[in-house]
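You will see chain A twice below: alongside chain B first, and alongside chain C after that.
Let's turn to the complex of A and B:
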């Protein structure tokens, strides 16, 4: 699936849309940034409830291309600003981490990037 | 110097800070030490002080420091007519020593914290190997700064071609400044990526650098992160002014964290920071002393595959 495909999923809103629309290769779900740092794969989508600037910093460092903020948690302005600078897409959804992960996993499986 | 009032740490230039973090106490201390044994008298100590122009004498037993006699102790003995008493009765028995392999910054913290004019320096085996006074520190700084100035003058006269993969950069980090935690890592990542370093290597550098950055912001009272990059490797050093780690072994254990609730709510403090740094580094060294600070040095090589996995 491509990053832009996330936006068209039900209950998803795009909070930061300035990004290069590349293929999403994988996903990672965690609210621990050190864990994301250690284990998330390049070109992944990050599913989390951590909606602040450091989420973007970690994403940028490990090559996460899109962040999905779960449970409609509000994202701070400086987070979105940082994401814009780094070209990382930010989406928001009402689903929790489990629901969102399973949804994204289905889409990744049905439209494999490779 | 008063030990009652907490001194504001001296804000020196980054170059000077680099120096005090880079130099080891062992390189700066006076190696010729005048020490006395337990059975000496205060008069013996006074003689030694007088003939060698020193203000403090460690008391040793089998090379281990068991006490310290300062000029003040001698004066008190003089006043009270106790010059013929043994040093045991008049020395301070609780001696603050410094380890020779500690960075000079720890010594500066110690001078700020305690009112002593000099500190006995001990080896890893806890044996007395030297003594450190502020004079030692001043001389070492002047010597090193002069050397650097000479180098700069030389470079100014004969500017060299800059290799593309070379960078020395120092970042200052303040306590709880999560706003800026991560900036250094992102800059360094870009620098390496632009120069064609492989993604896997860039990521290892990014992990080490980011965790160290966040550690400085979340756990220290402030410090600095410096990068020294050349064609072979990236060297990252993290130095802070305190509070220091009580049990380094424990801090390196996955899952152990002293982070407070707020830090945890930000997604940090899972006890993965230092273990992550160690995991991605080819070389890893940590030094810490409570009340003085923590220093971490890590090296990631570009060419060779990572050798040690733990």
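Let's turn to the complex of A and C:
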């Protein structure tokens, strides 16, 4: 799936849309950012409730290309600003981490490019 | 004046702390281990600060008024003030931002609010070991706006230390970072370092401390002293 495919999923809103629309290769779900830093793969989408600028800092270090903020948690302005600078997409959904992970996993599995 | 300070001490109000930690017992123990400056810093509230202030005044103990706030990132942050009313207000603000989850004393321990004699006035109803609504960046801003010191707590710990939560120490205008007694100085990067006990019982109170040479125990004097020492290193 491409990053822009996330936007068209039901219940998803795009909070930061200035990004290069590349293929998403993998996903990682965690709310402990040191764990994300240690284990997330490059070109992944990060599924989390941590919606602040440090989420973007960690994402840019490991090569996460998109962040999905779950449970409609509000993203801070400085988070979206940092994401814009890094070209990382930020989406928001009402689903929780489990529901969102399950949904994204289905889409990744059905994607021939992967 | 030379102060030997322990600015991270929990009272009985923190559910994880021993019920022996009344303000009076804390001050008595602090004196007996040679401390002449302390701060009370309970988790995510400041309901025992008024009693603590009274005991410190009666006993001639120099003090700051603290709150150990949990950020959105679930990192513990020590917020220290030299004005009681400001600290109480910040404690209330943090407390109000906690998720509305009631404490379960059978599971987590009691959260008693006490007076200067250790008499129970009531209980904090909301579970105090949750994350507040403030992320680290917002917390630094809010604490500084109130004239306080903002210090990430026990950054060398694997649990609730900011480095363990984020994977790195973020570049924020912290006044210092806190290490445990033997925590690695290299973690502090360019920030001044304070060491405190994070005592949850009387036995550990004063097991880590910070020496400060300041004219008075004020936020401004402490900030100046910490950075002056840092520049000499």
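Note that in this section the second predicted complex is superposed on the first by the 112 of 114 C-alpha atoms of A that agree within 3 Å, B and C clash if a C-alpha of one lies under 4 Å from a C-alpha of the other, contacts with A are read in each partner's own complex, and residues count from 1 in each chain.
Everything that follows uses one rule, which is that contacts are C-beta pairs under 8 Å (C-beta built on N, C-alpha and C of every residue); 3 or more make two chains touch, one makes a residue touch a chain.
In this text the structure is predicted, and so the values were computed from the model without any measurement.
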Answer with clash or fit: chain B and chain C placed together on chain A by superposition. clash
Taking the superposition as given, does A:8 touch the first partner, chain B, the second, chain C, both, or neither? neither
In the superposed arrangement, does A:76 touch chain B (first), chain C (second), both or neither? second
With both structures fitted on chain A, tell me whether chain B or chain C touches more of chain A's residues. B
Output check: A:20 vs chain B and chain C. Expected answer is one of first, second, both, neither. What do you get? neither
Between chain B and chain C, whom does A:60 touch in the aligned arrangement: first, second, both, or neither? first
Scan A:110 for contacts with chain B and chain C and give back first, second, both or neither. neither
Quick check for you: in the superposed arrangement, does A:52 touch first (chain B), second (chain C), both or neither? both
Please work out whether A:38 is in contact with chain B alone, chain C alone, both, or neither, and reply first, second, both or neither. both
Of the stretches 9-17, 45-53, 81-89 or 297-305 belonging to chain B, the one that collides with chain C: 9-17
Contacts on chain A seen with chain B and repeated with chain C across the two complexes: 32-34, 37-38, 50, 52-54, 57-58, 78
Give every residue of chain B touching chain A within the complex, in rising order. 178-179, 181-183, 185-186, 189, 199, 203, 206-207, 210-211, 214, 266-268, 270, 272-273, 276, 279
How about chain A: which of its residues touch chain B in the complex? 31-35, 37-38, 42, 48, 50, 52-55, 57-58, 60-63, 78, 86
Which residues, counting only chain C, touch chain A once they are in their complex? 72-74, 135-138, 163-168, 170
Would you pull the chain A residues touching chain C in the complex into a rising list? 32-34, 36-38, 50-54, 57-58, 76, 78
